[in-house]
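Multiple structures follow.
Below, chain A partners chain B and then partners chain C, in two separate complexes.
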Partner chain A sequence: MRKKERKLVVTFHTTADAMAMEKTCREFRVPGRLIPVPRVISAGCGLAWCAPLDERAQVERVMRENGIEQEALHECMV
Partner chain B sequence: MIYFDNAATTLHKPEAVKKAVTEAFDVMGNAGRGASVPALDASRIIYGTREKLARFFHAENANRIVFTANSTESLNIAVKGLISPGDHVITTVLEHNSVLRPLYECSDKGTEITVLGCDEMGNISYRDMDSAVRENTKAILCTHASNVTGNMIDLQRTGDIAGKNGLLFIVDASQTAGVYPIDVQSLGIDVLCFTGHKSLLGPQGTGGMYVRSGIEIRPLLSGGSGVDTYNPRHPAVMPTALEAGTLNGHGIAGLGAALSYLEETGLDVIREKELSLMRRFYEGVSGIPGVKIYGDFGTDRRCPIVSLNIGDYDSSEVSDELDTAWGIVTRPGAHCAPLMHRALGTVAQGAVRFSFSHYNTEEEIDFAVRAVKKLTD
Partner chain C sequence: MNLSDSKKKLAAAGVVCGIAAACLAYFGNPANMALCIACFIRDTAGALGMHSAETVQYARPEIVGLVLGAFIISTATGEYRSMAGSSPMTRFVLGVVLAVGSLVFLGCPLRMIIRMSAGDLNAWVALIGFVLGAATGVFALKKGFSLGRAHLANRVSGGMLPAVMLGILILALASTVLRSSESGPGSMHAPILLSLIGGLIFGAFAQKSRMCFAGSVRDVILMKNFDLLTIIGGFFAVMLIFNIASGRFVPAFDTPGIIAHSEHLWSILGMYAVGFAAVLAGGCPLRQLILAGQGSSDSAVTVLGMFAGAAMAHNFGLAASGTSVNAETQEVIAGAVPLNGRVAVIICIIVCFIIAFTNKRSEGR
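Here is the complex of A and B:
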């Protein structure tokens, strides 16, 4: 297993929101990728956006400016 | 074979649709079920089609678009999820059984229904619609166009009546989505139900609905959602709230390609071609002695459908003769629209429906006119 790092993890209410996030981040060249929701956050499955911690401001801005609804924003070891 | 049953389903699809479905079989996992490459590819394709539909119908955003199997499923979700015992609903005789039967089920449980009649041309009265509104009226539910006559209902006027009375406005766009532009926001539509396999030119088993922001529909189904697994209830957030279970991803990939085709070709171009074929056929058969045509052809704001009868012949016999002797595919009978046929006086005879696609040609139309002439000899 690879070594875990502390990262920014955004969770969503629906898969559609997660897909909107991926599309928007790619469009605005915000780094990150979709991952399965880490079980330390929720055992309930779904997709999350995982990005480097230092991208937090950019991630929050892109969501705000494009109306992407998040469930929660976490910093955790993934 | 000449295919004139496009109001039932469009047989000829753009090549891009077939290609998209085939390619989907090579890449699609289960959308929303994990973050593997195939699962994400499926999610991306489905989300792409969701976005295209939102643009196509001018929805607020992609989350207001729900995928279903067809208009029937969408209409059942809308009717059973919004209408309660004690409510009153206004509908019309133009409706298909996919509207009427769910409403009748509600009626069995105590919902009151007013069915607006039509004149001899098959048009409804908006004054009657306005005066049918009661204190307990919850919704106006109507088709955008009759699948028998091709006559259209004016959604602007209907939406205005719904809006000024604070009613839900639910529209069945089975015959018009892909022929006429529908702007759900400017028309005040609360729920739009559509199918993918008719004029949207997508595969069968695709369809969906638009649900205005703020409207909550009691789901018809609950089950797998790919999210919130330990919640004993199905998630209430749209569009997941109304999409229990695995979606028809392969079909939705095809529908996405079909929407791109419609956008590139232009609805205006498609509609003008279809209406021009309809007009050519109408003019060709309307003067033939013994041919009776149903519907209002005094306007070109209609769907490319011509339903007719020849003398007293059973419509099934005529349709069968057209098929076997001439290779022309039409649809006889009642077209799942019992009240429309009752209003037209065609319950016993049915009617032979010719419905056109932009893939049809003038030569096919002229051939069909000759066939109808011959059958009246």
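Here is the complex of A and C:
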């Protein structure tokens, strides 16, 4: 089981945006993974992108350059 | 109260929901149907006069309780959000598919688990279809399927379905305008107050834990995440213990009296349609009620689609019949899926494929 640590969590308006994020990050070798949106963030059941905190600038750049719209950026224990 | 920060708490949420369902079964709900969203929406649709099948008409307080339970807990914890605008008409059609597929199998995913816990091997067969359907939905997600984003809506909009449910409850308690079965599954029910409390508790815990049958399969396939499946595990364990302890555990296919049939192909295809539609709609029938309770008008429209689908299932002869025993001859009469039901399931699956591969992320932004 993964040890919980503070991570960057990006939430999206749609599941499709989260899937697009995964595809784009794989393509540009940006570290991270898809996770269910943490319950502390939302009562919804969508997907989120989880990445190390120090990848924030790269994550934001990839989203901006590939037209992926975030709902919000969070930092929380995952 | 955070129910999802550990697997133990998630399993405990499933256990609480299981206890609520077991109590409802013990106190009078139909055998093997402690709490079935599709069946109970069908019964409520009958009570409202949306169909005229006399044996399945009863305004189920559990449905009211589930929506109000989610509404109350989400309002109390500040999680109520009135959202709308994500392809409502498509969601209505997916709601119809959820109801028709479920009533051909004879149960929603929740009842499938309950039937599995009672040893009904037909439900284990149907699980194959449900998982394959959910997997097809996941494939569509990977190919860019999207119904578009929902937007914040007028606060009152999200409260409309809970208000309608409250209205149905008041009508059931204070008037005689609603229809009520005198025989058959619709006549079997726990006392109204107990049914309502059971629904409220179930709804509140389902909201806090995000319990979802389609979501659990989706998360395992997509992310190897077992959180939601843990809740189902807790629920299943309680129902299994209850069924064994009460002598209701019968591992068999053709068991009369439990409202099930052994038409395996149609059990698989019925639940395939349900699994597929549920992933596309973003939740199983139970989850749609919960999301509607916490303010999603899109899910409320899906619920209305389920009401329409349930009515269609009986008005057009789509719903399957359960295996039964002739009281005079003691002969076992096999349950069956009528031709209309078979055609409807095929149409439902085709509709799911069309929706899945024509609604793209690029269009719905």
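The definition used in the following text is that the second predicted complex is superposed on the first by the 76 of 78 C-alpha atoms of A that agree within 3 Å, B and C clash if a C-alpha of one lies under 4 Å from a C-alpha of the other, contacts with A are read in each partner's own complex, and residues count from 1 in each chain.
In the analysis below, a contact is a pair of C-beta atoms (placed from the backbone, for glycine too) under 8 Å apart; a residue touches a chain by one contact, two chains touch by 3 or more.
Remember, it's a predicted structure, so these values are computed and weren't measured experimentally.
Asks: Please work out whether A:13 is in contact with chain B alone, chain C alone, both, or neither, and reply first, second, both or neither.
Replies: A:13 contacts both chain B and chain C.
Asks: Give one of first, second, both or neither to describe whether A:2 is in contact with chain B, with chain C, with both, or with none.
Replies: It touches nothing on chain B or chain C.
Asks: Figure out whether A:45 sits in contact with chain B (first) or chain C (second), or with both, or with neither.
Replies: In the superposition, A:45 contacts both chain B and chain C.
Asks: Go through the superposed model and pick first if A:29 touches only chain B, second if only chain C, both, or neither.
Replies: After superposing on A, A:29 lies clear of both chain B and chain C.
Asks: Return the residues of chain A at which the contacts from chain B and from chain C coincide.
Replies: 13-17, 19-20, 34-36, 43-47
Asks: Note which residues of chain A are touching chain C in the complex, please.
Replies: On the chain A side, the touching residues are 13-17, 19-20, 33-36, 38-40, 43-47, 69.
Asks: In the complex, go through chain A and note every residue touching chain B.
Replies: 12-20, 22-23, 34-36, 43-47, 67
Asks: Could you list, by residue number, the parts of chain B that touch chain A in their complex?
Replies: 31-35, 40, 43-44, 46-47, 50, 61-63, 226-231, 235, 237-240
Asks: Mind listing the chain C positions that touch chain A in their complex?
Replies: Those residues of chain C that touch chain A are 2-5, 74, 79, 81, 86, 141-142, 144-150, 207, 210, 212, 215, 219, 222-223, 225, 227-228, 282-283, 287, 291, 294, 360-361, 364-365.
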